[in-house]
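Dropping a structure here in structure tokens format, bear with me for questions.
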């Protein structure tokens, strides 16, 4: 039931979205879905009440290019996804270092579904 | 006019306070208000439908021994249990619970 | 005997009158806002509560300034009540406000410091009015002694009507009422949490409250002094002025500090200056 | 603004929130000041993250109605509505006409009380306490109407998948209509003050200007966008019964705090109009249809909240629980706009500007 979905690869994500910015698309938000072995990122756009979406699937552990350089308002939601799912965004204009939505003592990547992935996210985060 | 609020100000003097001294003066709730949940134990068959449907997990029902318990601190007073109860033994009373357990009487 | 009575009056009775006035302020404000509000003696209950609390301080410096604040406030009142030098009273009063400012700046809280800066802006706004008031009284009586006011044949209001108007605006600032309640007040929580008094707690806050009671009495006493000889008329006018201040408090939004200084230096100060010039001209031509 | 954090002596850092008296929301702003001028504002949220999106994956899709209603403690009904409409679209449920009208009634009551709440808090922010009390007195009437019709003041819990859970009797409709007349008389007591009083205008006009271009690029929604001249109101798309009732977006063009206030004040009257229309023309029909089966597929549902567009993304897989529930609340979309307009303002204006986007941090974090 989702119409106007464009599937892109992680490499062409920035170009696709940069092309949308001058066309008057408003960035609504970014949704991350835990798809087992992959992250499914869905970028929602609106133009004249019409929705369109850009979907990108990346394997877990891969780095996703940030679109905050194109849509400045995307920085906050990318930080949120980084917090809740442990996805790493490359080139974030404002990086809260996984402390945007979550407190210092909060569990890391709490939205990740499988315990294995959660443990991996946690292990990757033990830098302090 | 320099102070357009002046008129309203003196009008509210005449209308009297809109607040009330709460624990001492309690407003009567409207009929149909969802105040707190009551179970008519005579009608209840302890089937546990309410406990399974409760969005907040506030109800615990056991068949043997026949027990129906409500955790008032978890209850969100949505009335969903009343809707799904097959025997209509549950109902919502308009008065809100007191701050620490026990249904409020009249005032 | 008169001196002892006057001393007793300003040291003991004045703060009680101030307390009741503040309580009445809260009741009237509540009613105007459509609330039930606290009982009349709520300021007393607050005071007792504060007094019993543990004396917590940020640093020892700030306590000293609380005592100075209160002491100089009382001194101002005593000086005026005993008919002393008005210029000295003016400075005592200014120093009382200044001690609050220094006390507030001695802590690290940014809210307290910005409150202190704003308090200075407030002083900048209202002090000229006070100075002009003293000058006006001097031109009228030919003396800087407060006792000279009592010997006048006609009340001050007759010769200083414009200064009186300017003083009413200054009063609104001194009582920390909207639109000028920028530094601290019972409700100035929106920008500065509690402003200058933020870092004071317990008994020390109680002392500041007591000083505020003295000040309420002092400020309204000056209003009454404009009508000296008809003292009951003066008291009546003072009460009306206080009620007016409360009403204005409730029909205005809070304005910015810069706006406050601009406002004060244009209309009220100019009014007062005109009054002084008129007095001066009349004096030189008459004498 | 690159070296803003290096401490030059004249700069003060003011922690605005997370527990600030003017803003009953746990939003923290780190304000860097020069004298009383803000040069930089950095937000921090996360004080009230409740993990509702995670919990929604555990509860079944019926229970989620009540859970998602608790995302926001102000516009609760509209959250439930957005979710229910999403599920209805997934399952192909046709909602009866009367239920669609009742949904408008409760949505608009929510909007009225939300706007009144905000207007009162704004009055408090510029230090006009008596105006604040007067506005909240009017808001109390709206809450009474909500309790009369839905049985609760805030958490209405009347929306359900396939319709609504309560009907209004003819007598209740009359009561609400009379209540609205009283409410309009209350409005007349404070609205002229809000839009005409000199001290209020001094505090609002020209403060925190957001240009139309900024509003578009930063993705501002709701009254914030409409005050900058963007005619975007999702009620125009005609969900529930808005299509039959007809909605024209309220627009102002100045983009300052005063324009944002005007938009909301005019929306109060628009809501009254919509409510009267909906109550007078409510058709007769059942109030709900039975919902059979389990949802499957993906859907994005957007509705207009008092604060702007709320977006629900739902992904279902044919079981009783949903795979993913994603909520993008309007405040989240308006935060970038807030950060853009704060620098350059005076400290005294920070509460006013912050409130002018009507922040609801609890729903921002979910």
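Order of writing sets the chain letters: A, B, C and D. Residues in each chain are counted from 1.
In the analysis below, a residue touches a chain if its C-beta (ideal position, glycine included) is under 8 Å from a C-beta of that chain, and two chains touch if they have at least 3 such contacts.
Remember, it's a predicted structure, so these values are computed and weren't measured experimentally.
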Pair exhibiting more inter-chain C-beta contacts, A-D or B-C: A-D
Distance from the mean Cα position of chain D to that of chain A, given in whole angstrom: 25
Length of the line joining the C-alpha centres of chain B and chain C, rounded to whole Å: 50
Between chain B and chain A, distance of the C-alpha-averaged centres to the nearest whole Å: 41
Inter-centroid spacing, chain C versus chain A (mean Cα positions, whole Å): 59
Per-residue multi-chain contacts in chain A, two or more chains: none
Chain B: positions in contact with at least two other chains: 3, 5, 9, 12, 18
Of all residues in chain D, the ones touching two or more other chains: 130-131, 133-134, 137, 197
Interchain contacts (touch definition) - all pairs: A-D, B-C, B-D, C-D
In the complex, chain A residues that touch chain D: 1-2, 24, 26-29, 31, 33-34, 42, 44, 49, 51, 53, 71-73, 75-77, 84, 99-103, 106, 110-111, 113
Residues on chain B engaged by chain D in the complex (per definition of touch): 2-5, 8-9, 11-12, 18, 29-30, 32-34, 53-56, 76-80, 83, 92
List of chain C residues in touch with chain D within their complex: 29, 32-35, 110-111, 113-114, 117, 178-179, 181-182, 187-191, 193, 250-257, 259
Interfacial residue positions of chain C with respect to chain B in the complex: 30-37, 247-248, 250-252
For the chain B and chain C complex, residues of the former touching the latter: 3, 5-6, 9-10, 12-13, 15-21
